[in-house]
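Presented sequentially are two complexes of subunit A, the first with subunit B as partner and the second with subunit C.
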Partner chain A sequence: MLCYKMWRETRTRLLISATALAWVCLAIVLTQKGNRAHADPPLSYAAYIWKAVYKGYVRDFFLILVIVLGGGGILQERAHGTAGFTLSLPVSRCRLTFVRAAVGLAEVALLALMPAVMLGALSPQVGESYQLTQALRFSVLWTMGGAVLFGTSVLLSGICAEEYSAWIVCFLSMMFYSAAVNITPLQRIPWLNFFKIMSGAEMPYFNSADHLLVGPLPGLPLLILPAIAVGFVIIAARLSQRRDY
Partner chain B sequence: MTSDNVIETHALAKRYGDVDAVHALSFQIRGPSITGFLGRNGAGKSSTIRMLLGMIKPTAGSGMVLGHRIDDPKQSLLIRRRTAYIGEEKGLYAYMTVEQLVRFTSSFYPDWRPDIEQRLLRMYQLPLRRKVKALSKGMRTKLALLLALSRRPALLILDEPTEGLDPVSIEELLQMLTGIAAEGTTVFFSSHQLAEVERIADSILIIERGRLVLDVSLDHLRENYRRVTAGFPARPPEAEFRLPGVERVRASGRQITVLASRNADAIVERARSLSAVSVEVEPVSLREIFLDAVRTDAPAEAR
Partner chain C sequence: MLWYKTWRENELRFLISALVLSGICTAAVLFERMFRAQLHATSAPLSSYAGYIYLRIYGGFARGTFLVLALVLGLGGLQRERAHGSTGFTLMLPVSRGRLTGVRAAVGLAEILALSLLPVILVPGLSPFVGESYPLSQSLQFSLLWVSFGSVVFAAAFLSSVIFTSEYSALAVSLAVFFIYPLVARLPPLRPYPLHIHYIMNGTGMAYFDPRTDLLVGPLPWTVLAGAVAITAALVAYAAVLTERQDF
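Showing the complex of A and B:
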């Protein structure tokens, strides 16, 4: 039943996020003809989708939505006056955190599926096609990358009392991380950049000529990214145990 | 610590920065009983309750509830399994309907009693399909009570339970608390409504600035606490009334008023030996005792 509570608390956010993501995908597909023609050189449909969706602002938008999904928790419940009720249940704080994280990660995966669903459904409507397997592979990469940011958001929502503060600090952390891996000498190691892992840019499993994922997805990074997310969630759980509510 | 105490604290303390919210608080509550936990705003009542429920950790001291340590997370789970808590805000999940919240809460308690749930649903006339956010404060209190009582807790802790309720709801609540105490549940509740406390409580604890200033049964209070007012031909010497059991002496002109927790006969005797022209002995209300206990112009040790 804890899953049910977490789902009820986040389902509106998920629904709004999924709808927003769907609308953005819809807009990108519907405007593809003009946008591709104005590009220099003109882009193939796969290249256009990759640049706009999987490497472009749709991915960044997805990550912002993931941050929003990671908000909540006991600290925020205090503001709503329900923390006393939740904490009086015979449930450990660790379990509360872990269940919230599990439900949230499932929602991140659902959100990551949205572009695949939309591209699969909409591309034929504009006379194009985008391979479903290709889109689903990107969904896997997005889920793993999104998990890291989701874990960060869960951790920060256990530190910052205000929900908006947690979101803002998480967003700033993402910007700082992005700057660190794109500007500093760290840029020479693309595996440190989970944005690149998500998009495939500069990665051996991505063919930059036809803008498609090729070969097997990278096993180790796909294990490390969720492991980092789980690490953040464990820290959040430990913090919640120590904290006064 | 003895096992037959439902709640027992020893030198329990909670400090927030430089502020002692609770200081060296020691008391025992045996069950089943009803205990009123009194104090002004900010006296440390809610901090104490939250320590008992494991929501905040004590800075010092120890506490046991139903034989389990309050500062051990695993034992705190055992406490919460047998303890029901209704906070001042009656904060329930606004997005759930009454029915959903009942189902949700019942899933955590294997000993949930559907018969009690159904009886209380009928008694309180709670609309099952209505969302919690659409309920009045009175209805929310009733729902919180239903969730608390349907599992027959060994201990029911309430923080300002009558806050915001209309007189009818208050009356129903007080009757309910008396009823469940008679069935074996220990009730521990904080309140500012002294008349209500006086009506249903077996004992009271008064806390002021985090310190326990009074721990007494209401029977003892009714039997022994007295106000002795004596009139004298001339201004009487206050010091003559510093006798055992005297809590406060106040002189006004040729009249002296003594608040005694015991030993009223000796005080009357002393007044007469000092040639009092009139002596009156009256029972004292809880309100008067409370106001005396939380007077800010006297240090706790002097009371």
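Showing the complex of A and C:
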């Protein structure tokens, strides 16, 4: 029932996010001919999809929507006056946080599948094809990368009482992290950049000539990224345990 | 007092936004040597300080951040107060709902204006400290573009916060429109028209922007700016009409 409660509280956000992501993918696929022709040199369909979806615009949009999915929690319910009802449920505060995180992570995974679904369905309509296995592998990478940001959002929602402040702080954290791993000496270590892990840029499992994922996905980063997310959720759970609502 | 109440409700978001935008502009100017060296390594060398400032602030990172912050500043309002259970107190005030909406919009737009003026103060003000200079007139013109289209983004988020009862739904819808709109503006039938707010704000492909010097030249598109103001006013007015009719 707790899962169902969390699902009911977040399903509208997920629906809006999934619809928006679908629309963006639709626009990108439908305008592929003109956009590819304007590029210098002209791009293959795989290259175009990688640049537009998996490396660029759609990836950033996905991450911003993941932050929205991570918002909410008991602290925000306090402002609504419903924290008392939630806290009176016969479950620990930790369990409340973990179940919310689990439902949210499942939603992040669902959202990460949207490009795979849309590309698979729409590419034949424009006379192109994109390998489903490629799209699904990128979905796995996106889920892992999105999990980190989702965990950050859950943590910050447990610290900042105002919903929009939590979102701004999380969004800005993402931007400063991006600046740190792209501008400072940290840029020499691509594995520290989860944006690059998500897109495959400069990674050994990505072929930059074909713009396709090759070989096995990286096992260690795919363990570390969700571990970081879980760590953030655990901290959020501990904070909620100690807080006086 | 209504203005003060509205300001207090938005204060934290505005201060975070101002801090962040100031930080970005200050860092871009004070660490220009490091960032320019880093840019030289990854792209064509920037021949001028103006080109660097354009790339980092007016055409890039800072502009995108400003627009997202403008979006978030537009959220809130009576629907959010309803979720918090405080609508009754607000609606009991001896002012019309139209006035409540109008004051919230006015305070928000003033905050957008303040944010858009930060680069005007910081970029020309701090550039001498790194041995460079940036024309104040350029900053002012870019600020005018920023405030015009930042207001449109603000007004769109403002309207969505009136329509949607859940804060996160309003945020998700606003972000969705923010990301989908530029793609729609680039569709072939619409491409000839000045509808792409990012290109208008940073001058890409526009007659009033010289890509060789990365400076604004000639008159700004006053008709387009007037259109942006009109759209802002229309969105806010519609939000006020909806608020009048809603049952809280």
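Criterion: the second predicted complex is superposed on the first by the 245 of 245 C-alpha atoms of A that agree within 3 Å, B and C clash if a C-alpha of one lies under 4 Å from a C-alpha of the other, contacts with A are read in each partner's own complex, and residues count from 1 in each chain.
Convention: contacts are C-beta pairs under 8 Å (C-beta built on N, C-alpha and C of every residue); 3 or more make two chains touch, one makes a residue touch a chain.
In this text, all values refer to a predicted model and were calculated from it rather than measured experimentally.
Chemist: Which partner reaches more residues of subunit A, subunit B or subunit C?
Modeler: Touched residues of subunit A are more numerous for C.
Chemist: If we overlay the two complexes on their shared chain A, which of subunit B and subunit C does A:13 touch? Say first, second, both or neither.
Modeler: In the superposed model, A:13 contacts subunit C only, not subunit B.
Chemist: Using the touch definition from the top, say if A:90 reaches subunit B (first), subunit C (second), both or neither.
Modeler: first
Chemist: Touch test for A:34: subunit B only (first), subunit C only (second), both, or neither?
Modeler: So A:34 only meets subunit C here.
Chemist: A:80 in the overlay: touching subunit B, subunit C, both, or neither? Say first, second, both or neither.
Modeler: both
Chemist: Going by the contact rule set out at the top, does A:244 touch subunit B (first), subunit C (second), both, or neither?
Modeler: first
Chemist: So, A:172: does it touch subunit B (first), subunit C (second), both, or neither?
Modeler: It touches subunit C, and subunit B stays clear.
Chemist: Counting only touches as set out at the top, which of subunit B and subunit C does A:25 meet: first, second, both, neither?
Modeler: Touch status of A:25: no partner.
Chemist: Per the definitions at the top, what is the overlap between the subunit A residues touching subunit B and those touching subunit C?
Modeler: Looking at subunit A, the two contact sets intersect at 80-81.
Chemist: So in the complex, which bits of subunit A are touching subunit B?
Modeler: Those in contact with subunit B are residues 1, 4-5, 8-9, 80-85, 87-93, 241-242, 244-245.
Chemist: Over in the complex, which subunit C residues touch subunit A? Could you list them?
Modeler: Its residues touching subunit A are 12-13, 16-17, 20, 35, 38, 61, 65, 68-69, 72, 75-76, 83-85, 166-169, 171-173, 175-176, 179-180, 183-184, 186-188.
Chemist: Can you check the complex and tell me which residues of subunit B touch subunit A?
Modeler: 50, 53-57, 73, 77-78, 80-81, 83-85, 87, 89, 91-96, 103-105, 107-109, 144
Chemist: Show which residues of subunit A lie in contact with subunit C when the two form their complex.
Modeler: 10, 12-13, 16-17, 19-20, 23-24, 27-28, 31, 34, 57, 61, 64-65, 68, 71-72, 79-81, 162-165, 167-169, 171-172, 175, 179, 183
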